[in-house]
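Labels run A, B, C, D, E and F following the written order; every chain starts at residue 1.
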Amino acid sequence: MRVTVNRKAHFNAAHRLYNNEWTDARNASVFGKCANPNYHGHNYDLIVSVTGEINPDTGFVMDMKVLKKLIREDIEEQFDHKNLNEEVKEFKTLNPTAENISVVIWNKLRNKIDQNLDLSVTLYETPRNFVTYNGG
Amino acid sequence: MRVTVNRKAHFNAAHRLYNNEWTDARNASVFGKCANPNYHGHNYDLIVSVTGEINPDTGFVMDMKVLKKLIREDIEEQFDHKNLNEEVKEFKTLNPTAENISVVIWNKLRNKIDQNLDLSVTLYETPRNFVTYNGG
Amino acid sequence: MRVTVNRKAHFNAAHRLYNNEWTDARNASVFGKCANPNYHGHNYDLIVSVTGEINPDTGFVMDMKVLKKLIREDIEEQFDHKNLNEEVKEFKTLNPTAENISVVIWNKLRNKIDQNLDLSVTLYETPRNFVTYNGG
Amino acid sequence: MRVTVNRKAHFNAAHRLYNNEWTDARNASVFGKCANPNYHGHNYDLIVSVTGEINPDTGFVMDMKVLKKLIREDIEEQFDHKNLNEEVKEFKTLNPTAENISVVIWNKLRNKIDQNLDLSVTLYETPRNFVTYNGG
Amino acid sequence: MRVTVNRKAHFNAAHRLYNNEWTDARNASVFGKCANPNYHGHNYDLIVSVTGEINPDTGFVMDMKVLKKLIREDIEEQFDHKNLNEEVKEFKTLNPTAENISVVIWNKLRNKIDQNLDLSVTLYETPRNFVTYNGG
Amino acid sequence: MRVTVNRKAHFNAAHRLYNNEWTDARNASVFGKCANPNYHGHNYDLIVSVTGEINPDTGFVMDMKVLKKLIREDIEEQFDHKNLNEEVKEFKTLNPTAENISVVIWNKLRNKIDQNLDLSVTLYETPRNFVTYNGG
């Protein structure tokens, strides 16, 4: 009986899309207004999904209080009200697209969560653009 | 051509998290305010997902009118405006966590739905906490 | 330049509709399944709206950090994961309908907020049933 | 590192459920009010999901500007403010159930998107009825 | 203590925008794709808002069960899965814009609801286009 | 018969809260993490509400196509994917709180809309923080 439990979180951040091995002109050409050097920003919604057996004693796959605290400390407090390009070390050299942010979040959470549990993250950059990464 | 059809339903219920083989102190320690002996409650949202071939005559995987009626009679009328611990027999001895509720709902629906169709249920305890069970 | 600022909060609680001057039969007749003596519950969403002049120094009608803290301490911590009838003193003798809960919340907040600011509260009992009270 | 990117779109359309090899009486019996010969309609929400490797230069699985334009031209402009039965050629002989619409949309998009990328479409007929098709 | 109680409902319908005193060309010019003679459609969401004193015996401004039944019988059953232009008599000669639909709904409900209660209706044609009418 | 018509729009932008007549220390003290000199950002949702008589020929208070174009050109194209402090001239000396942004938007739209029509704007900075300004 494997069940997936999901916890929704959010953070508000500034970013720009930028490959720092390219010229500004090429960045502007490929990323359009998303490459604006003055940044823009989003209310990111994050869903962290953990799949595993139900513990028969607690009825939990994973204690949501623990997962909520983990997301708050390792993701929300690191990303919220930040400039992702300037203030989150993973994006010093990695373009903060929704795809790359989801991979960074997955990597930050993966070794904090029991290896018997599968992990997936879904990141909404806007209500109309969102991505999912499960380590696969 | 296998398609998944999904139907959303809801019910409002009281519950508490409680393992009746534990002392009250241990319940309070593990489940925190969710163990409140006076209960709290939720607006549960339920998504029932059924996967199978499209019937070429109707264009349906399953008639949504039938699925809607099944959910209403077997789930909503059993759970809505109830105290899950006190009034739903499955939870007399089973802790009504979202995980366990999703398994109980899946079991109640599984033998009412054609065995050629796959079944999955997603249960939202709140908009930020939700679980999925597909029998796996 | 009067602007309304709104802050959304939520709490999960159990309740039943019950007039304790009536017989159980009359309560059941008037309130139907909402009178269930074992309680049911809701995820309540609360919007607190404060109207006033913009402070030219801060650009704020009211500091949202202050309003957020006020709602958390005076409403969420009092109501969340509680049984409203049994554990919130205002409802010992007052039927916890959405209408009455909104009035109780308004009264609890009114004397904590500057009298030059107008106050309104909107309470969602479910996404389809909600009420607004502005002291009028 | 395979990531799924999702883009939400929408269109408003009229339709009726109707198998044109059946009598009107049988259509009415099977499809109920959905068979109304004068049509009814929906605000359809569409989520197009594309799965593949992240391009290390762009950080994209697929440029969302390209996907957005493809959905607009091939789906929204073909379906929006149309009568699906009367004005979309695929439904001249195919019953426009949500299941069949999702298959038609998937087929229209499949050969416009790189074959190394997996494709799935989710179509909301209403917020409570929705379907997913991934070509499987 | 005047409180507003709100009840959300919905119906799915086809319509076209059309002034039958104008030529087809002028209708097409003014209403664009909304004048499509084959119709298009929407999932309409309706919020009915009733304002009045709280009854001290029930704690209700108006019994929501009564309001829900009134909306179902007088609005949903008249409009749902219908073609508004062809099948709702008020729109035989009145253009079914969101504005006019909201006035028609308000008029249908006004004399069914106690005159001591104020009435307002909000109609969502789409999540991005909506109107409010309060008889004023 | 005065009806309010509402149109929802959105833009994604970076900002920081900052009074440029204050020291950095005072800004940090008053605005907390919102004063981050590297900026953060939001998906802003905007609802523009226009109230007036229904034109009996069109059934419109105001043609939504005109309102949509006005919002797109005067608000979305000016604010979307911008840094509000650095790139929107009104905020060179005005702190871009939600309150002040709503006033700026109202002022930009007011003289583009018929003076017989009332105007109100609601701006969501996040789903939980939003403001309304009607010129009052």
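To be clear about the criterion, contacts are C-beta pairs under 8 Å (C-beta built on N, C-alpha and C of every residue); 3 or more make two chains touch, one makes a residue touch a chain.
A quick note: this is a predicted structure, and the numbers were derived from the prediction, not measured.
Of all chains in the assembly, those touching subunit C and also subunit D are B, E.
Listing every chain that touches subunit D and subunit F alike gives A, E.
At the subunit B-subunit D interface, residue numbers used by both copies make up under half of all numbers present, so the two copies contact each other through mostly different positions. Here the C-alpha atoms of subunit A line up with those of subunit B after a rotation of 120°, rounded in steps of 5.
Relative to subunit C, the most remote chain by averaged C-alpha coordinates is D. We define each chain's centre as the mean of its Cα atoms; on that basis subunit A and subunit E are separated by 42 Å. Spacing of subunit B relative to subunit E, judged by their CA centroids, is 34 angstrom. Chain centres here are Cα means. That of subunit E falls 28 Å from that of subunit F.
Of all residues in subunit F, those touching 2 or more other chains are 127, listed in ascending order. All chain pairs that touch, listed by label, are A-B, A-D, A-F, B-C, B-D, C-E, C-F, D-E, E-F. Against subunit B, the residues of subunit C that register as touching in their complex are 10, 12-15, 33-34, 36, 38-43, 80-83, 86-87, 126-127. Only residues 1-9, 54, 57-61, 64-65 of subunit E touch subunit C when the two sit together in their complex.
If you check the complex, the residues on subunit C that touch subunit E are 17, 19, 30, 32, 94-100, 102-103, 127-133, 136.
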